[in-house]
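Each of the next two complexes has chain A plus one other chain: chain B in the first, chain C in the second.
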Partner chain A sequence: MKVTFPHMGHLWLVLKAALEGIGLEVVVPPPCTRRTLELGVRHAPESACLPLKVNLGNFLEAKELGADTIVMAGGVGPCRIGYYAQVQREILRDIGCDYEMVVFEPPDVHFSEVWDKVKYLNRRPWQEGVRGVILAWQKACAVDSLEQELQQLRPREAKPGQADAVFQRALRELDAAGGRGEIKKIVKKAKSEMAKIPRHTSGPVLRVGIVGEIYTVLEPMVNLNIERRLGVLGVEVVRGLFLSRWINDNLFKGLLPLPGHHPEKTAPPFLNHFVGGHGWESVGDTVTFARHGCDGVIQLAPLTCMPEIVAHSVMPAVQEARGIPVMTIYLDEQTGEAGLQTRLEAFVDMLRWHKGRKAAQSF
Partner chain B sequence: MKNKKWRLGVPRALFYYYYGPWWETFFQALGAEVVVSPPTSKEIMDLGVSLAVAEACLPVKVYYGHAAWLAGQVDALFVPRLVSVEKKSFICPKLMGLPDMLRAALKPCPPIIDTTVNLARQPEEGLAAAVQGMARALGVKGSRVDLAMAAAEARYHAWLAGQQQGDSMAAADCREEEPASGVYRSSSSQGKESRDALQIGVIGHGYLIYDQYLGMDIPGKVKRLGGKVILPENLTTLQVEKACRRLPKRLYWTLGRKIMGAALYLMEQENVAGLIHLTAFGCGPDSLVGDLAERYARRRGKPFLLLTLDEHTGEAGLNTRLEAFMDMLYRRRSA
Partner chain C sequence: MPTIYLGIDVGSVSTNIVALDEQGNVLSSVYLRTRGQPIRAIQEGLRQLVATIGTDISVAGVGTTGSGRSLAAVMVGADVIKNEITAHAVAASYAVPGVQTVLEIGGQDSKIIILRQGIVTDFAMNTVCAAGTGSFLDQQAARLGIPIEEFGRRALESRSPVRIAGRCAVFAESDMIHKQQQGHPLEDIIAGLCEALVRNYLNNVGKGKEILPPVVFQGGVAANAGMRQAFNRALGTEVIVPEHYGVMGALGAALLAREIRPKASAFRGFELTGREFRSGGFECQGCANHCEVVELREGRQVLARWGDRCGKWSNAVAV
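And then the complex of A and B:
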């Protein structure tokens, strides 16, 4: 059995550690590229949401590397993600791509089913599996902490790209790391290297919060590397969605006491109910970012993403009440780099002008 | 507020087409004056398109139009937050945020009665809470609420039974004061129906199929092309649910199950010539449910036509596709 899984940003590094921990041979799909997207788009329903398409591309590319089993998460609504696996299975069948699919459904009804699936996959003594999961979790936290460092550094480094180079190297090292001590060492080394990168400014820069649908927020191929682009434009990016949080919320069902989102506290009166996906968080985080003095917010979403369309629809009220500019960007296979870059530049110019005016007024 | 006679606006869009009779009877029994917006027109659709975000689906835009049309003439709008209308099922994330979306878009916005309807976990408690919430919004409590609910249920079930028999297809039909002029009725106006009429399943959300302007009256068109239309609401719940049980995983969308169940059931009927799926561009649930239905139909060799609507859809193009489809079905039969 050679297992593979869908890509989402750096999630592969974590899943790989966990699955190898239970003794499975893992085929990490090739990193998402235009080709991945095109493969997915060719076979997926036209109006399916983007993550379904890209993930289908991942499966097809992993097949080329010999994968024969897909491990992925399911869901029971209200959004589409819970039915991805069902549609993808039928598509793969129709195009003659032979895969076994192991779909983990939320264990609210059939905890025993989840148990059976893990037992079915597991090839090792339990203690080792547990060790693998802990290792995976530590890697997720390491990636998140380095990425936050990276977000601060990007707008300040003298030569764009240096911090990213350190980060990419650290990712490769983390992938190979086999224990907690090693992970700590890698993080420490990367952070000290980042600290040495020459900067053109150490002062305040524009700060923009990124909110939106998790996949478009975390997958650089799909958002056309928006965080890096903003960094080059001199913008520090902050966001509320991180790998470790997603894993805690979705895979551990919030068992770990992480500082969580509290959209039920932050999103009303603008949005008063959960709306599936991350729509509620998008609104709540926008309010939080406004309170923390961010200069603007960018909302990312796959085209036709239902929860984000709801969030987008109430954003004018948030902007008006909290005085924070929000730009919504829908992404799909048609999104071009030039168009995105132009919109980002215009938005950043506007924020800068806004900020300058505010500063002038306060004198 | 107890003695106030409320003028309550109910947009004739989205779930009005599923629960209109219930809502109207209930609110009227509580002493409110219910104002339902007129059937969708170009004016209403344009109004909605101008107010909603461009990326929203057409049914939601049309809903905005109806709400805006009513906004200036009522004391309050009834825009329930429809999370779930049955156990372990949902409708659509957009309907979970609809009241908030309207508040951000309508200027000025009248008070919105946004009772949450959530039957996903505990159907009985959820329904009771929703009913109490709706009554409380009008300042009514006690036994009057129970009576109003009983009246609403009675009217609703009579209407549903009528739908199943195919004599009353649209929610609009239940409004006695508005004779269903031009509203599609299958048995009474199936004048041209002959023994060899092609049976066509038309599947899709009620608010597309029964809204003649928004949905471009596909059932009527099929009929005029000599077809006999079968709609999801003509089937029994049992037929639909039984067909759905064959899916490897339970479908958690209420309307998705209706569509999928009807599609699966109809594609197995020898005498059904083909299926037409009417959908809105950008509809999330339909993008998956419709794709699966089409796949299954293709595997069974049952002709399947997907018609996607948005505000730019031209009626001429739609007619052409429909005619070509019907022609193909006729040729298939004579072959």
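And then the complex of A and C:
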């Protein structure tokens, strides 16, 4: 059995560690590229949202590397991704791409089913498996802590790209790391390297919160590297969605003492209900970011994403009541880089104006 | 020697250049069709500018904007590179102080900018739909055999505009043909088209925006009297068309250059109109992204490269 899974930002690093931990041979799909997207778009229904298309591309590219089993997340709506595993299974069968599919439904709804699937996949004694999962968790936390450092550094480094280079190298090292001590050492080394990167002193840095649908937020290929673009424009990005937090909220059901999402506390009175996906969190996080003094918020979503459309329609009220500018960007295979760049630049200019500075002085 | 500031707006359809004096007055402006050849358009534009204002001037600052802003900046030597939304907002609030809404319709895009107390508070831009932009109007004028300059005036002659589906350029065109076949007079069809395009603009680009007067209407399409009238009717207020409505992006870029007052401008001199620039491209085979890298060369020297995702090529030459 050679197992693969869809990409979502740096998730591969964590999933690989977990699946190898339970004794499976893992095929990581090649990094998402335009080819991935083209393959997915060719075989997916046009009106499906972007995650389905890119994931399908991942599966097709992993097949070329010999994968025969897919581990995929399920869901129980209202977000469509819940049935994408089934749709993808049908598409793959239709085009003669032979895969076994193991779909994990949310543990709070189908706990015994999840357990059965883990038992089915597990190849090792339980103790070892648990050790693998713990290692994966530690890697997730390491990636997140380095990425937060990176988000801080990007708008401040004198020469764009240096912090990213350190981060990418650390990711490769983390992938190879086999134990907690090693992970700690890698994080420490990367952080000290980042600390040494020369910084510029021109102008205050803006802070922009990123909210929205998790896949478009976490996968840089899909959001056209929005965080890097903002970094170059002198913006520090903050976000509520991180891998470790997502894993804790969704798989461990918030058992670990991490700051979780509490849209039930932050989103009302703007939005009082779960609307599927991360729509509720998008509204709640926007309120939180406004309270923490962010200069603006960017909401990301795949085109036609219903939960985020609901959140989008609530945003003007949040914007007015909390005084924070919000820009919504829908992404799909048609999204042009030039259009996105223009919007980001204009949004950043606008935020700078709001900070009481003249637009021109920022350059 | 008088000091001037240049603003260059390289758009998909037109390339505009504005020269400002120290006080911010427009000395000269040039409007040219880009025709898919931005380098030639920039050179020709500068040549025409020099022909009107002479070479006995010193350029103290250059600003570029529009979708070709990076190319123009490298070629000409710019002190400020700005996106077109900011440039248009700056120009509108300069031309009409206290403006609260800017409607801008250009060749291939349209935008709305909301300002309050002189500060941009919201904006939106179309990219997916070209209905209502200059290119579409051009095309329809050509199809009906009316010069674009007369197109808007004909709309004013209409007494009962027909209702045309304006959601999409393709539907609008087939609906227009349908109305023609039914025998509606041309002016009613043209006026109906203007109303449909304004409706489409307000429902899509202007969706959810609070449009308060004074409203400035700018961009090439503001020349169209039919579109102006349709906006006036739809908004219930008189839209203001500034004097330099067609070159507002370039004006904004020049104003921004004047605002930063560079110590020494990066301008490479008017001689560049005579130099040979070439742009070329290649597909990078470094990874499966196959980025289309574009490069600008002057003679044999590579001035800049862009278009790659990883920075492998663009970092080699700083933009």
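Throughout what follows, the second predicted complex is superposed on the first by the 347 of 363 C-alpha atoms of A that agree within 3 Å, B and C clash if a C-alpha of one lies under 4 Å from a C-alpha of the other, contacts with A are read in each partner's own complex, and residues count from 1 in each chain.
Following the convention adopted for this analysis, a residue touches a chain if its C-beta (ideal position, glycine included) is under 8 Å from a C-beta of that chain, and two chains touch if they have at least 3 such contacts.
It should be emphasised that the depicted structure is a prediction, and the values quoted were computed from it without experimental measurement.
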Practice prompt. Identify whether chain B and chain C fit side by side or clash on chain A in the overlaid structures.
Written response: fit
Worksheet item: Now for A:N272: first (chain B), second (chain C), both, or neither, which partner does it touch?
Response: first
Discussion item. Looking only at chain A, is it chain B or chain C that touches more of its residues?
Written reply: B
Discussion item. Just checking: does A:I309 make contact with chain B only, chain C only, both, or neither of them? Give me first, second, both or neither.
Written reply: first
Worksheet, complete the sentence: In degrees, rounded to a multiple of 10, the angle chain B-chain A-chain C between CA centres equals 80
Practice prompt. Check whether A:R42 is in contact with chain B, with chain C, with both or with neither, and answer first, second, both or neither.
Written response: neither
Discussion item. For A:D349 in the superposed arrangement: first (chain B), second (chain C), both or neither?
Written reply: second
Worksheet item: Which holds for A:Q334: it touches chain B only (first), chain C only (second), both, or neither?
Response: second
Worksheet item: If you take every C-alpha pair with one atom in chain B and one in chain C, what is the shortest distance in Å after superposing?
Response: 5
Discussion item. Quick check on my understanding: which residues of chain A belong to both its chain B contact set and its chain C contact set?
Written reply: 316
Practice prompt. Please name which positions on chain C make contact with chain A in the complex.
Written response: 67, 80-86, 90, 119-123, 125, 127-128, 208, 256, 259-260, 287-290, 309, 311, 315
Worksheet item: What residues of chain B sit close enough to touch chain A in their complex?
Response: 52-53, 55-57, 81, 83, 88-94, 96-97, 99-101, 103-105, 114, 116, 247-249, 251-253, 281-288, 290-292, 295, 308
Worksheet, complete the sentence: Listed in rising order, the residues of chain A that touch chain B in the complex are 45-49, 52, 74, 76-80, 82-87, 89-91, 94, 105, 270-277, 279, 303-307, 309-317, 328, 330
Worksheet, complete the sentence: Listed in rising order, the residues of chain A that touch chain C in the complex are 30-31, 33-36, 161, 225, 316, 325, 334, 336, 338-339, 341-343, 345-346, 349-350, 353-354, 358-361, 363
